[in-house]
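Okay, so here's the structure we're looking at.
The chains carry the letters A, B, C and D, assigned in the order they are written, with residues numbered from 1 in each.
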Amino acid sequence: MTIHTIGIDIGSGAVKTALFRSDGGQSEWLARRCERIRRRDPMELARQSYDEVLAEAQLAPDDVAYTATTGEGENVKFATGHFYTMTTHARGGVYLDAEARAVVDIGALNGRAIYIDARGKVLSYKMTSQCASGSGQFLENIARYLGVAVEEIGRLSKTSEHPEKVSSICAVLAETDVINMVSRGIPTQDILKGIHLSMASRLVKLLKVTGIKSGKVLLTGGLALDAGLLAAVQEELVNEKIGAIEVASHPDSIYAGAIGAALWGAFRHDKLKALQARAAA
Amino acid sequence: MSTPIQIVPGTSTPKKPPPAQKEDSMLLQKELINGNYHELATAREMNRKVSATFVPGNLNELLMCFDFARSLPETNALQNGMRKKSGKMIMDAERDGHSEDVCTYVKADLGMMLQGQVGPTGEALPTPDVLLLSYTGCFTFMKWFELIRQKYDCETVMLHVPYQGDGRISKNMRDYVLKQLKEKVIPTLEKVSGVKFDIDRLRQYMKESVKAEEDLVWTLQSAKHKPSPIDGYFGAVYYIGPIFTAFRGTPEATKFYSVLRKEIEQRIREGKGPVTPEGEHPGEKYRLVVEGPPNWTSFREFWKMFYDEGAVVVASTYAKVGGVYDFGFRHDPDHPLESLAEYCLGCYTNLNFPQRIDMICKYLDEYQADGLLINSIKSCNSFSAGQLLILREVERRTGKPAAFIESDLVDPRYFSAANIKNRLESYFQMVKQKRAAGMGAKPAGHAPMPPIVPAPTAH
Amino acid sequence: MRCFIGIDLGSTTTKAVVIDETQRVLGRGITNSRSNYDTAATIAKQEALLSARFLLFREALGTSGALNGALDQFVGQLERDFRLEQFLVQLADLEQVCAKSVAGARFGEAEKAVSAALEQVFARLRGEAPALFAHGAKRKSDFFRDIAGSRYLAIGEEVAKSTGLRYDFLLNVFDRSIIEVENRVYLDSLSPHLLAALKRTFKALPETAARGDAVRAPIQGVLDTPLEEAYVVGTGYGRARLPFSKEHVRSEILCHGLGAHVMYPQTATVLDIGGQDTKAIQVDPQGIVESFQMNDRCAAGCGRYLGYIADEMNMGLHELGPLAMKSTKTVRINSTCTVFAGAELRDRLSLGEKREDIMAGLHRAIILRAMSILARSGGVRNEFTFTGGVAKNEAAVKSLTELIGENYGKITLNINPDSIYTGALGGATFAWRAVMEEGKSIEKREAA
Amino acid sequence: MNTREIIARCEHLFEDLRFGAVKEWKAAKPGRKAIGYMPIYVPREIIHAAGMLPVGIFGGGDQLEVIQGDAYYQSYICRIPRSTLELGLTGRLDCLDGMLFPSICDVIRNLSGMWQIMFKDKYVKYFDVPQNYDDAIGGEFYVHEMQQLREDLGKLAGKEISDEQLRASIAVYNENRKAVRELYAYRAQEPWQAPTSELYLVLRAGCVLPPEEHTQVVRAYLAAARTEERPRRDNARVVLSGSFCEQPPLSLIKSIEMSGCYVVDEDFQLIQSWLLDEVPVSGDPLEELSKAFLHRSISTSSKYDERKEDKGKFLLKQIKDRGAEGVVFAAASFCDPALLERPMLQGILAQHKIPYTAFKYSENTGQMAPIREQAGTFADSIKLWSAA
C-alpha cells in the first residue's frame, strides 16, 4: 500500500521538511523545504512548510498517513508523533548514504555524533555539552563579523595555509579572540580554518567517544555543506590516526533529520496498523 | 596536586634555554631525574619490579626496601605538561571516554598510556607491577589507580590515610594507618617484589631522609631574607623535586640538598635575589605567598609574569605537598613505621581548612610578605574547593591583600595568559598604590570589610 | 587648553573622557570596539573631543548671549544636524564600498540585480536619514554600524522581496563592506561638517539665522582654541594593544575604582558589568582598590548576553530594560550561558511564558551572577556604585536594587547616566594626576 | 490517602527550604536537637539513638537562588556545596544543631572545614569512612569513628547513648530500609504505577521526617500506588547511575520518564538503601553497624573496590534484578567520583552488551531539551529495535 508521510525537523537554525511516498520497502522523496528561522516563529514556519510541501505534491492533509516531528518539535499540534533527533538523523543518514556507519550532525547550537549500523540503528552517540562553544551559530556569527557569506566559508577556509587556532573554550570569549586576530592582521581564511579545526577537533572527539573505529561517516545538518569543515574533519581524523574512517557529505545532508522522521513515520504507521489489526482480530 | 617537580632545566622551554645560570644543583637535579627515568625504562631488562605511587604521603623509603624502581604518575604528567605534550594526552583520554570535568593529571597519565606509555624523556615506561594507593589528601587518587588497574590489571594495594577533619592526628587514625602498613602494604610489597622486609634497611634510608629534610627546610626558609635569595614557588618546585619523589632516603638526595644549601648561602652573602630562567631577578619589589599548584604547560610564561613585575614568592603551600617539614616533622629512624604514618597523615592536602589558613597566615607574617596570591587549579578539587574562603579569611586576619587567578596544571586549554596577566597586573598595581598611599593606615569613614557571615535579612 | 584624556578600550565599546585642569569633565565619547583597536581608540577620543567642543560652544554662546532663550534648542539642533552630516558622509562611503564589494563577490548573473537593489536601498536610507536624527527620534543605537546596519537589513529585506533577489546576497554585501567603513577614521572632519550642520540648523530654526554672525563668532572662537592633549591614559580589556607606553596604561580595575570614587567620593563598593566581564571592586576612601573579583573564564551573564537577547528579539539594547519592567511575574532562569541565551528564550516562549516575564527573569539571572561576584569580593558596603554599560539598563538596576536590599539591607546605590564612562573617567583622572601632581604621580613616587 | 495526597505532602516537604518539618519536630518537645548530614552515608542510627533528628541535606535544588554560596566556589566545582552553604548562610539551617560531612569526595571534605570556620557555634564533624574492609583494620577504625560520634552526640544531648538505645534505633531503621526495599521492588515491577518522580519525593521525605513516620509514608504510598490504575506506556526500562550526591532537579527526572524511559533503579538517596540487609540487633551495635557497612553495603564510586573483579558487579546485579534494558549515566557536572567511575562501568557494560547513554546535569539545570533528546534517542533505539 502506498502511503505519504511528512517529516519536519525543527532546529534552532532552520526548519526542514520532507514529504515521502512509501510503498512497502520503497520510498520516494516528493517535496522538501528548508527555511532559515531568522527570528521568525519556528512553529509557524513548520506549519507553512507543511502546507507548501503538500501543495507542491498536490496532496491534501488527509492524504498524509503520518506526520513526524523531530528536533524541537515535540509540541507541534498537527504532528502524529515525535522522534528524537539522533534517531532521525541516523535513519536519514543511511537513506542518504547506505554505507554510512556514523552520522555527525552539526546544528546551530549542538553537535552530535551517532554511531549506527547498516539499518540505521543507533549503537551509541555523544552530544556536545551545555556550553555552546564551537557551534554552528558561533561560526555564523564570526563569518558575519568577517564579512563572509555562509556559503563562502568553506571555499575560503580551504585556501588557508597557516590556520590560526582559536584557544578560548567559550564562544563569547572566542569572538574576542577572533577580533584580536583581525587586528593582528591574520587573514580571514586562516581564522576560518582555525575555527573549523577547533570544531573538527570537537566533532572527532565526539565521534571517537562513540566507539566507531572504521567505516564511513556522513556529515549532516546545516554545516555539512561547509566544505572547509569537511576538510578540517578529514585532517583531524588523519591527525588522530583514525584514517580508517572516511568522512563524506551529501548535498541533501541538511534534510537528514526530516528524512529520518518521515521514514520512521512510515515505519510506525505500518506498525500501528499491524497492532490495530491484531487488536481487532 | 601534588606534584613535585623534576624539571630538567633547558628542556622545559622550547624557545631559549636558560642562560649560563646552571649551578651545580641544577645539573645534579637533572642528572637525578633523568637517571630515574632511565632506571624505569630499563627496569624490565634489569629484572626489577616497578611500583607506582603518589607524591603526597609517598612511602619512598619503604618502596626502596623492596628494590622497586619507582614511578610517580603525577610527576610524569607534570613533566609531560612542561614539555607541552600533555594537551594531546588529555584530549586522547577524553576521546577515550573521560569527562572534560575531571582532573587532568589523571587524563594526562591515561593519555600517555594510550600513546604507548612513552615517558617524558622519550623512553618507554613499563607498566607498574604494583600500584601503591596511598590515598592521602585527594580522593581522585583512588579513582586514578582503579582506572589503571582496570586497564592493566596491576596489583593494587590501598593505604587509606584518614583526613585530619578535626585538625589533629588521633591515635585511632595513626593506629589505622600503621595497621594497614603492617598487615596490607608490607605483605603485598613483599609478595610482589619477592624481597623480605627488613626494618633496619628502612631505618638506614630514613637517616638519609632526615639529612635532606634539614637542608630542604633551611633552603625554603632562606626566603625570609630580604631580598629573598630564592623563589619559594617557581624555584622551590625545582628544590622539592628530589625529596618529594623517588629520591628521599637516598645519598644522592642528601648530596643534592647540601650542594643547594651552599649555593644559596653564597647568594645570601652576595645579597642576590633568586635566579630566573632569564638570569638574575630584576629586583624584589613585591613579596608574595602563593597557595595552589603552578601551571606546568606555560610554566616559564607564568613565572615571567611575576619576575617582570619584580615579584618574588617567598613561601608557598605547594612546596609542602610532599611533606610539611617546616613545622618540625622529620622522619624518625627510631620509629620508622610510626613516622611513615605520621608523615602521610600530615601532608598539606590532608590538613583541614583552619590548618591551611593558619599556615598561610603564618607565612605572610614570618616571611614579611605583601600579600597572598591563590592560583586556583581547575583540576584539583582537593586544593581548590573552598580556596575563596581561604582568601577571605587570610585577608581578614592579616589585613594584607589577596588575589585570585585560575589555571590548570597540565591542560593548556585552561591557561589564558591574557586573563591571568590582567589580574596579576591589577593586583601588583593595587599593592603598589596601597603602599604609595601609606600602606596600613586604616582609612576611616568606611564600614570595615564585612565578616564572613553576612547578616542575613529575613526573606 | 590643556586636556587630560582617559580611554577605556572595552570588549564591546570604547569610551573616552576628556577633563580639564580643574578636573571638570569636558566631553565623553563612545564607539563600538572593533577589530582595529587603534581606530576604536582614535574614534572614541575624537568623539570625546567633539563633545567637549559642543560643551564649549554652549558656554561660549551662553556668555555671548547671542541666542538668549533659544540656546538649548539651538545647540540641540546643531548637534543632531552635525550627527546627521556625519551619518550621511559615512553612508555615502558605505555605498561606495558596497558597490565595490559587489564586483568582488562572485554573484555571477545576479550581479546587476544586486547593484540595482543596492541603489534602491541606499536611496531609501538617505531619504529617511533626516528623520532618524529629528528631534525626539529614537535610534536603536548611536553607532553607525548598528543604525545603518539595522535599517539596511530591514530595507534590504523589503527590496529583496519586491525584486525577487536573494536577501542573502544583500546581507553578504553589507557584511563585507561595513568593516572597511567602520575602520575608517575621518580626520579633520569637524569644521566642514559643522559648517554644513550650521546651515541645516539655521534652516530648521529660521529665527536664529537672522543672528547668524553673532552665532558664528563664538563658535569660531571655540574652533580656534586648540585642545591640547596633555596626557592620555589607556585602560580596559584591550589596553595592552593600545599604542601607548606602559606608563600610560592602567589596569581597568584601578580605573573603575578611581572613576567611581571621582563620581561618588563616598563609594566603597563598585560593580561594573561590561560586555564580557563583571567586576566587583572594593575601594577605600581615597579611591584606592582594596580588593576585587572578576568573573572567571566563562562569559555567562555579562553584557553580551543582553546583546544576544536583543539580537534574538530583534530589538535595540536599550529597549530590553523597559520591556522587562512591564513584567508582572518573574520566570526563573538558571542558565546564563550567553550563547544559549537565544535558545533559552525560545524555550520559554514555547512554554507559553510572556516575553516581558522572561526578560525580567533574564535580567535577574545576570544580576544574580553579579551578586555572587560581589559576595566573593567582600560583599556590598555603603556606598555602592554600579557602573558599566549594563547600568544603563533599568531592569538590571531594579533587580540589583532588590537583591542588594534583600541581602545587605539599606545601602545607597549610585548610578550615573554616564556610568559607562567610569573606567575612562578613572583613566583621565590618572592622566591628570600624572601631570598636575608633578612628580607626584605614583610611577615617579615609586622611583624616588 | 491516595498517591496524589501523599505526593503533595512529600513535595511540600521537598520544596520547603526552610525545613519547617524539622522546626516543628523540635518545637514539639523542648530540648530536641537535629543533626544534618550530607550525602551519602552516615550511621543515622547513632543520631537517632541520641534522641535527635537526622536531617538529610541534599543541596538547594533548582528553586534556591545561590548568591553567598557562589562566592566561595569557582565555576568548575559542582553545585551542591554552594547551595548548601547558601542554605547555611541565609539562616535556613539554623534549626540544625550540628552537621556531619561524610567522606564522599574532596569537595565535601573541604566543606567540613569551611563549615567549622563559618559556623563556629555549631557541632561540625567530618565523618571518615574506611576504605579498608577488614574487620580488624578498617572495621576497628570505623567503630572508633562511630564511637567518637556517639560520645560527641552524647555530650550534645547531655546524656550518654546506651547500647540499648542504639539497638532500638537499628531496629527502627531496619524497618525503614525494609519498606524502602519493598517500594523499590514494586517500582521495578510496575514502574508506570510508581513513577520515579514520585518515588523520589517519597524518599526525600525521609530526609526530614523521623524514620518511624517516614516508614509509614513509604508504606502508605506503596499501598496507594498498588490500588490505582495508571496508563502503561511503551517505555524502555533503565537504571540511572551516578546521581548519588548532587541531585538532578525533579523536572529532569520527569523529562527522562517523559522521553520514554522507565527508571527501574537509581542511586538517588543512597542513605536509605545503603545497607543491603537487616543489621542484627543482638551483639555490639557499633560492631554490627560496622560489619554491615564493610561487607553488606552497596557500592558507589566513593567507595574503594578492593579487587578489579568487584568493579561494576553491583550495577550488573541491579540491571539483572530489576530487569533493566539499559543504563543511563547521569552525573552532576564536575563530580569527580562519578565521572571518573563512569568509563570503568561503561567498559563493563560494553563487555556485557548492555546499552547505555550518559549525560551531566546540575541541581538547577534549566534546559531539558538536550536531556530529553538524549534520553529519548536512547529509549527510541531500545524500543524501535527491540525486536530487531
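One rule holds in what follows: a residue touches a chain if its C-beta (ideal position, glycine included) is under 8 Å from a C-beta of that chain, and two chains touch if they have at least 3 such contacts.
These figures come from a predicted structure and were not determined experimentally.
Asks: Would you kindly count the fewest steps from subunit B to subunit D, each step being a jump to a chain that touches the current one?
Replies: 1
Asks: When the C-alpha atoms of subunit A and subunit C are each averaged to a single point, how far apart are the two points in Å?
Replies: Taking the average C-alpha coordinate of subunit A and of subunit C, the gap between them is 39 Å.
Asks: Quick one: report the Å distance separating subunit C from subunit D, using the average Cα coordinate of each chain.
Replies: Going by mean C-alpha positions, subunit C sits 51 Å from subunit D.
Asks: Centroid of subunit A to centroid of subunit B, CA atoms only: how many Å?
Replies: 47
Asks: Could you pull out the residues of subunit D that touch at least 2 other chains?
Replies: Where subunit D meets two or more other chains at a single residue, that happens at 68, 71-72, 74, 360, 365, 367, 369.
Asks: I need the residues of subunit A touching at least two other chains; which ones are they?
Replies: As it turns out, subunit A has residues touching two or more other chains at 72, 129-130, 168-169.
Asks: Please output the residue numbers of subunit B that touch at least 2 other chains, ranges allowed.
Replies: In subunit B, the residues touching two or more other chains are 96-97, 388, 406, 416, 454, 456, 459.
Asks: Thinking of each chain as a vertex joined to the chains it touches, would you call that graph a line, ring, star, complete, or other?
Replies: complete
Asks: Using the touch definition up top, name the residues of subunit C that touch subunit B in the complex.
Replies: Residue list for subunit C touching subunit B: 237, 240, 250-254, 268, 282, 284-286, 288-294, 296-297, 375-376, 378-379, 381-382, 405-409, 442, 445-446.
Asks: Which residues of subunit C touch subunit D in their complex?
Replies: By the definition above, subunit C touches subunit D via 296-298, 332-335, 340, 343-344, 347, 368-369, 371-376, 403, 407.
Asks: Of all residues in subunit D, which touch subunit C in the complex?
Replies: 62-63, 65-68, 70-72, 74-75, 364-367, 369
Asks: Where on subunit A does subunit B make contact in their complex?
Replies: Residues 129, 167-169, 201, 204-205, 208-209, 240 of subunit A touch subunit B in their complex.
Asks: So in the complex, the part of subunit A that touches subunit D is made up of which residues?
Replies: The contact residues of subunit A facing subunit D are 72, 74, 83-87, 110, 119, 121-122, 124-125, 127, 129-130, 211, 264, 267.
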